[in-house]
Amino acid sequence: MFFHKQELQHSATPDAPDAVYARKLQEVLGGQYGEITIAMQYGFQAWNTHIPGKYRDLLYGIAAEEFGHVEMLAIMISQLLEKAPVGLTDEAVQNDPVMAAVIGGTDVQQAIVAGAGARPVDSMGNPWQGAFITSSGNLLADFTANANGEMQGRLQAARLYHMTDDKGVKDLLSFLIARDTMHQNQWLAAIQELQDDGIEQFPVPSTFPQSKENQEVNYQYLNFSDGVHAKEGSWAKGPTPDGKGEFSYHDGPTTTAPMPAPTTPDERFHGTTGKSPLLEKTKGAVKDALHKG
Amino acid sequence: MFFHKQELQHSATPDAPDAVYARKLQEVLGGQYGEITIAMQYGFQAWNTHIPGKYRDLLYGIAAEEFGHVEMLAIMISQLLEKAPVGLTDEAVQNDPVMAAVIGGTDVQQAIVAGAGARPVDSMGNPWQGAFITSSGNLLADFTANANGEMQGRLQAARLYHMTDDKGVKDLLSFLIARDTMHQNQWLAAIQELQDDGIEQFPVPSTFPQSKENQEVNYQYLNFSDGVHAKEGSWAKGPTPDGKGEFSYHDGPTTTAPMPAPTTPDERFHGTTGKSPLLEKTKGAVKDALHKG
Amino acid sequence: MFFHKQELQHSATPDAPDAVYARKLQEVLGGQYGEITIAMQYGFQAWNTHIPGKYRDLLYGIAAEEFGHVEMLAIMISQLLEKAPVGLTDEAVQNDPVMAAVIGGTDVQQAIVAGAGARPVDSMGNPWQGAFITSSGNLLADFTANANGEMQGRLQAARLYHMTDDKGVKDLLSFLIARDTMHQNQWLAAIQELQDDGIEQFPVPSTFPQSKENQEVNYQYLNFSDGVHAKEGSWAKGPTPDGKGEFSYHDGPTTTAPMPAPTTPDERFHGTTGKSPLLEKTKGAVKDALHKG
Amino acid sequence: MFFHKQELQHSATPDAPDAVYARKLQEVLGGQYGEITIAMQYGFQAWNTHIPGKYRDLLYGIAAEEFGHVEMLAIMISQLLEKAPVGLTDEAVQNDPVMAAVIGGTDVQQAIVAGAGARPVDSMGNPWQGAFITSSGNLLADFTANANGEMQGRLQAARLYHMTDDKGVKDLLSFLIARDTMHQNQWLAAIQELQDDGIEQFPVPSTFPQSKENQEVNYQYLNFSDGVHAKEGSWAKGPTPDGKGEFSYHDGPTTTAPMPAPTTPDERFHGTTGKSPLLEKTKGAVKDALHKG
Amino acid sequence: MFFHKQELQHSATPDAPDAVYARKLQEVLGGQYGEITIAMQYGFQAWNTHIPGKYRDLLYGIAAEEFGHVEMLAIMISQLLEKAPVGLTDEAVQNDPVMAAVIGGTDVQQAIVAGAGARPVDSMGNPWQGAFITSSGNLLADFTANANGEMQGRLQAARLYHMTDDKGVKDLLSFLIARDTMHQNQWLAAIQELQDDGIEQFPVPSTFPQSKENQEVNYQYLNFSDGVHAKEGSWAKGPTPDGKGEFSYHDGPTTTAPMPAPTTPDERFHGTTGKSPLLEKTKGAVKDALHKG
Amino acid sequence: MFFHKQELQHSATPDAPDAVYARKLQEVLGGQYGEITIAMQYGFQAWNTHIPGKYRDLLYGIAAEEFGHVEMLAIMISQLLEKAPVGLTDEAVQNDPVMAAVIGGTDVQQAIVAGAGARPVDSMGNPWQGAFITSSGNLLADFTANANGEMQGRLQAARLYHMTDDKGVKDLLSFLIARDTMHQNQWLAAIQELQDDGIEQFPVPSTFPQSKENQEVNYQYLNFSDGVHAKEGSWAKGPTPDGKGEFSYHDGPTTTAPMPAPTTPDERFHGTTGKSPLLEKTKGAVKDALHKG
């Protein structure tokens, strides 16, 4: 169960309205790595988790905080939009380049659809979608997804930090960036702890027996491009991070197989096949060419 | 530039057709973590990369291999569909439970739209989309995304391995799982090397000065749920993985701020506000209630 | 801020696993009118609201309950999937029609992607999306959207109630249907109260002066089909529900305007226009025909 | 069957081209509550309706009118785009702030893709989608959805009315707003008539026996937030609008159930479970912690 | 303006209900090449057309017919669903393989969401979307898109024809396939007529001067794969269909350019660049490697 | 298999950065008819093809070239973004109208998400999706789709050519437009060759016996609008392009069928039907009206 309190974790009030920035801030609210993604991802991982105890408690504990971050951003955005202009005449634009810029820089749906309100979309107006989240049931994979989520999120918040001079906005971003620092560290710690606890190891999933994977190619670096520096990396020689193999370097593939013959589905699919009745009537040369393929 | 060779990296021929399995295999072709995602993600990261040398060569080298994996899966799927039934009468179904099962288990667009062919969709028929990939320009974040991608991909391939008895299919999956083992290790190695080379560190982005983030909360574990075990993890005490802080544990938030007052946008947005002209005509009690908030 | 408690509002445990039903239940979790829609809709309306007091408190109070309903359904689904079969041989299917049916009736991504877990998608596997919600800033419009949401939701839950014999599932649905009864009534009461309080009236938005709308057609029922019974309804004669007009009935349109001439954009758009230079060289008859249009 | 006449219901010609406004107008053409949604929603409800007579005739009669509204808006947009600039040099922009504003404010696909033409998208360029419509087979629910659709539509048209000075555009909007007034009233009348006719009642669906819903909580207002004013509304006390119950008010939930134990799916899903073979080898303390959960 | 008549162009009644087939038929209603696509594509082309006369009249005339086809399919689908089973017990399934098959083969949203009704989605449940249509303003390009649309549509209808024994369904498909024959021919005729009228020619757009395109490569067949038969086609030698060039054949590219250096965006994007301040502190060898790239 | 070479087919370097144009160029990278669509379409057609020889070799040969075009555009875009401004103060905007314009004209996700990099989206920020491609298994239909794809692509590139003065950008577009000229011609040649080879003919699919289509209406032009010029086209009289019929012209439909009665699904769907138990209690007149329909 979730309970709501009409307070925020941190002040979320801008010094002044800024409709152009309100659109940019939608990215960290409703974008691929926005707070809705983060909150829902931790929620689904918690609901789908298969072990009780500290890992599940960790997921529940942070999911609820993140729903509060969704709220802070939505409220910040609606305040940034508070003085958003409704309509602009040509005359107004002629005399005011800032106003001219505002015309194009805003999310017009924040005005037309939400009446100067926040929306569950990213900074280009794409609706948030369930396909943004990851919840696989394997915690080592998912915690890596979470670490990535917090890194992309902190990166975007840092970029947004440089795009405004508004002290109120910067203050909130400073808070959110700090929480992203915490959460990056938290997932890195949890990734290590899962391994230390003997619960899961690399390569994920560690419960799939490596004897069943192709033993020839599982530690080969195959370079399908002509870049000469790829072989200089630690991924091309030496022991592998999972502690189970040794990297080797190869130019291009070490294995090959012939291309299978084209398929011939049931004629009632009306595909173009070498068995077309029309083809029977045609000149032998064409048919020959088709069949020698 | 890309060049194509009419050979495969590994045999991709099933022992027998299986239209139900053909649908499941779409997940690792066109799903969130399918091979199209992986190939396009490495491609965009390469095209957007800001440093020459080994890291860019690594991205180019693996992107091209992955486009070949897209091809292997598409060709495998079209063969699994080769004998797909076109239409089924009730009588046929009555006598054949397997046939009955096939009716529901297939991707009907593979039949109606592609004529027994592979499609750029996932196992539930959702089209592949650009929003599945990550390319941020920050390599430490993106390599973490890549490691996650290879983990989720290997996990899905392992699950699919248990869903068939077909030796040809299992053989291809065994190959792909092995490559995922390699690629997981490769990104883990590259994540370490980026740090060893002094190019980027945790927390990402390391070029954003931590002095600008909120120093109070950047290493606090805040538990917004009532699970008592969350405090037992290594994310609740001790030094942080980035080497720059010390974790502390707290029940709930350590900071708070009052909820800002509701916004009052321009009246021409026709939102419901306390300034509505209609409200002026109404009884005082209502207005008072609205304003005491 | 949101706080989480590791309890549920009502028991959410099935008597037995049922992977086919788990897929159907996704509809009321992640569908157009599922609980994610309802929770997010009330959340955004609360964050965007322009008046303090009882209406905003109402939105905050119910939003949090609905996030708990999301949780109950996700947890129910993961339990319904607990014994989901991984892979099925032809032999197993031959001997078990139920098993045969299960093959086709499941959400295969619940297996391959989530490892027998709930997902933020609807019953056909479409991801939940932000475009499902409504938050316009006008409370009379939005509460009508909410009433509709609770009606569609109760309708779907009632249909799902008839699709299972599982007592645990039926018990949860019985609870959710009851809450939908409450919430339908609540929004109907609030719709009336907004009008009684003099805050907003029909037609929405009531702050747009009706003198600016076309006075000729604003209460005319225009029948663009040939159904003779349309004129029998209360929408074709008598006073209008907004108390501001009188319905009249008309077969077809009462107004008409000529179709404007085709546009002629800049030639650099390379559209097909009557000004094409190629056309100058062609026979007069063609050109004439084009221009008489 | 549908028949087309090359006339419009009302004049749809702007006084002057305005590419920036052409983009905004896309919202009421191809947005969530645009005319395509309204036309298709009434069409599908008509095709799916289960009773002959006045209600079906009503749906058919208005659906066809709305397809004509789609046409008027598309034609208006293509005229607003008629003089859209193709390309702009820096010099032109330097001397003309309006031109500068135009660069950013337009839908660039209207230019690049449609060659200065209307498109089936909303004002942020998202394609119209079938998920925007509602057609459930239950007329009381669907007519409520329709009433909401006409309210949101009139609200958006009213906002757009304030965003232009063009008399031709305002004249068309004045017509569309008037039709929305009519259609709001029409659905409100039909909602009442369905009940008066004894066909359907609140709560929807009225054919689901309320004895099967949880009798404890079906008229309780549960406040999951800390807003003190929620209890002041008519939804917290007194008789319910459906005439079948009495509202009561409660702080938080009146029922509770323990969180079910985590699930343990088949090991071949490779989820992280308490049964992991790796775990057997680990230290007892960890295992204990995991199991006490 | 559109007018509706409560008659159909052809009988659209199945001999018997078939919920599994109802799902398949959604493809030609709401799929990429379904009737909604066709109707909306012709509508938008008509509304955006730049020349009066026969071509615009052609588009208006056929658009309205296609909206009637949408209607016929929706009505057929709702009848196929009329006896759709609501819920199935295990016992029923045990005794009835056909019933077992039905469970998986249906569109469960047709039941749960639409109450046994048609929906604006394809056969895998993806909503119809505006991105399915083409309307560019260039009639030669668009008529080619239309010809393709009618071909894909007739192909899908033909496949569906083989998937049922129902005489009523086959009768409707026989009608729709015949109309597709007509419409394929119609667009092929119109493609020729546009050229004969001197309005547009290949290559499209013919108003773009070919002197501005790269004259070296505009008629070269470049083979980027190793298939030896590609050179045997009429696309590899001889005069080109546009009458303006001569095909030539080449193995691989005839031109090449060096890969540009990686970009170095503003440091405030926090990308991984060779200018990272962290890098300054690192060992020279690494920096050298990065810069020799 | 695909192999990558770190060279481009043509120079892809702008003379100067231009963030506004970088957004526009996304259309031909990730739009409906962008290079990703073209490359993936040819790839899937090759993988699904049913005949060996020249047609399959053609598809493989061009697919790989197109992946190289994706690369050239991505690299061009990242260079156009190289000097993209991060943040803008009001003061800067006041003094610089170009800068003001830039604010609104850019794809803000190129900045916030990709750190000044290319993205797999179109010019309005919609993600590329698998639903953009066509691969039906019937080569005559698909080659027509391909011809259309190259026409729409060349048209968009031509429009983009006029939207910039940058010589480097124009040089690349000049190259791509030339390749589109080639590819248009190539598919037109292949369309003819398929027919000359006797493999497939119009109407597609030619393997569906025309005796099974409705012989009455398969060559009738039916005009559902009131445009008088439609009858003047070659599609209204004379022999049909497929050589199998004769066009005839008709005002409106030549066939008709009565609208079927509304459906009556199972009562457990809770639809609004004439069998509603509530209805039994209501006044006879209403019931009669409902049933006379």
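Order of writing sets the chain letters: A, B, C, D, E and F. Residues in each chain are counted from 1.
Here is the rule we use: a residue touches a chain if its C-beta (ideal position, glycine included) is under 8 Å from a C-beta of that chain, and two chains touch if they have at least 3 such contacts.
All values derive from a computational prediction rather than experimental measurement.
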Chains touching both subunit C and subunit F: A, B, D, E
Neighbouring chains common to subunit C and subunit D, by label: A, B, E, F
Chain pair equivalent in interface to B-C, over half of contacts matched, among C-F, B-E or C-D: B-E
Same or different contact residues where subunit E meets its copy subunit A, judged by the half mark: same
Cα-centroid distance, subunit A relative to subunit F, in whole angstrom: 26
Multi-partner residues of subunit B (each touching 2 or more other chains): 1-9, 32, 48, 53-57, 60-61, 63-65, 68, 75, 78, 86-87, 97, 100-101, 103-105, 111, 113, 115-117, 121, 124-127, 129, 131, 136-138, 140, 155, 158-159, 162, 205, 208, 224-225, 227, 229, 232, 253, 256, 263-265, 268-271, 289, 292-293
Touch-based graph of the chains, sorted into line, ring, star, complete or other: complete
Contact set on subunit C toward subunit A in their complex: 1-9, 30, 40, 43-44, 47-48, 57, 60-61, 63-65, 67-68, 70-71, 74-75, 78, 113-121, 127-131, 133, 135-138
Of subunit C, residues touching subunit E in the complex: 20, 23-24, 27, 31-33, 97-98, 100-106, 122-126, 155-156, 159-160, 162-165, 224-227, 252-253, 256, 261-265, 267, 269-274, 276-279, 281-283, 286, 289-293
Partner subunit E, residues of subunit F touching it in the complex: 6-13, 32, 53-58, 60-65, 68, 75, 78-79, 81-87, 111, 115-117, 126, 129, 131-132, 134, 136, 138, 140-141, 144-145, 147-148, 151-152, 154-155, 158, 161, 174-175, 177-182, 184-186, 188-190, 192-193, 202-205, 208, 210, 212-225, 227-230, 232-235, 240-242, 245, 247, 253, 255-260, 263-266, 268-271
Of subunit F, residues touching subunit C in the complex: 155, 158-159, 162, 229, 232, 268-270, 289, 292-293
Residues of subunit D defined as touching subunit F within the complex: 1-6, 48-56, 86-90, 93-94, 96-97, 99-101, 103-105, 107-109, 111-113, 115, 121, 124-127, 136-140, 194, 197-201, 205-208
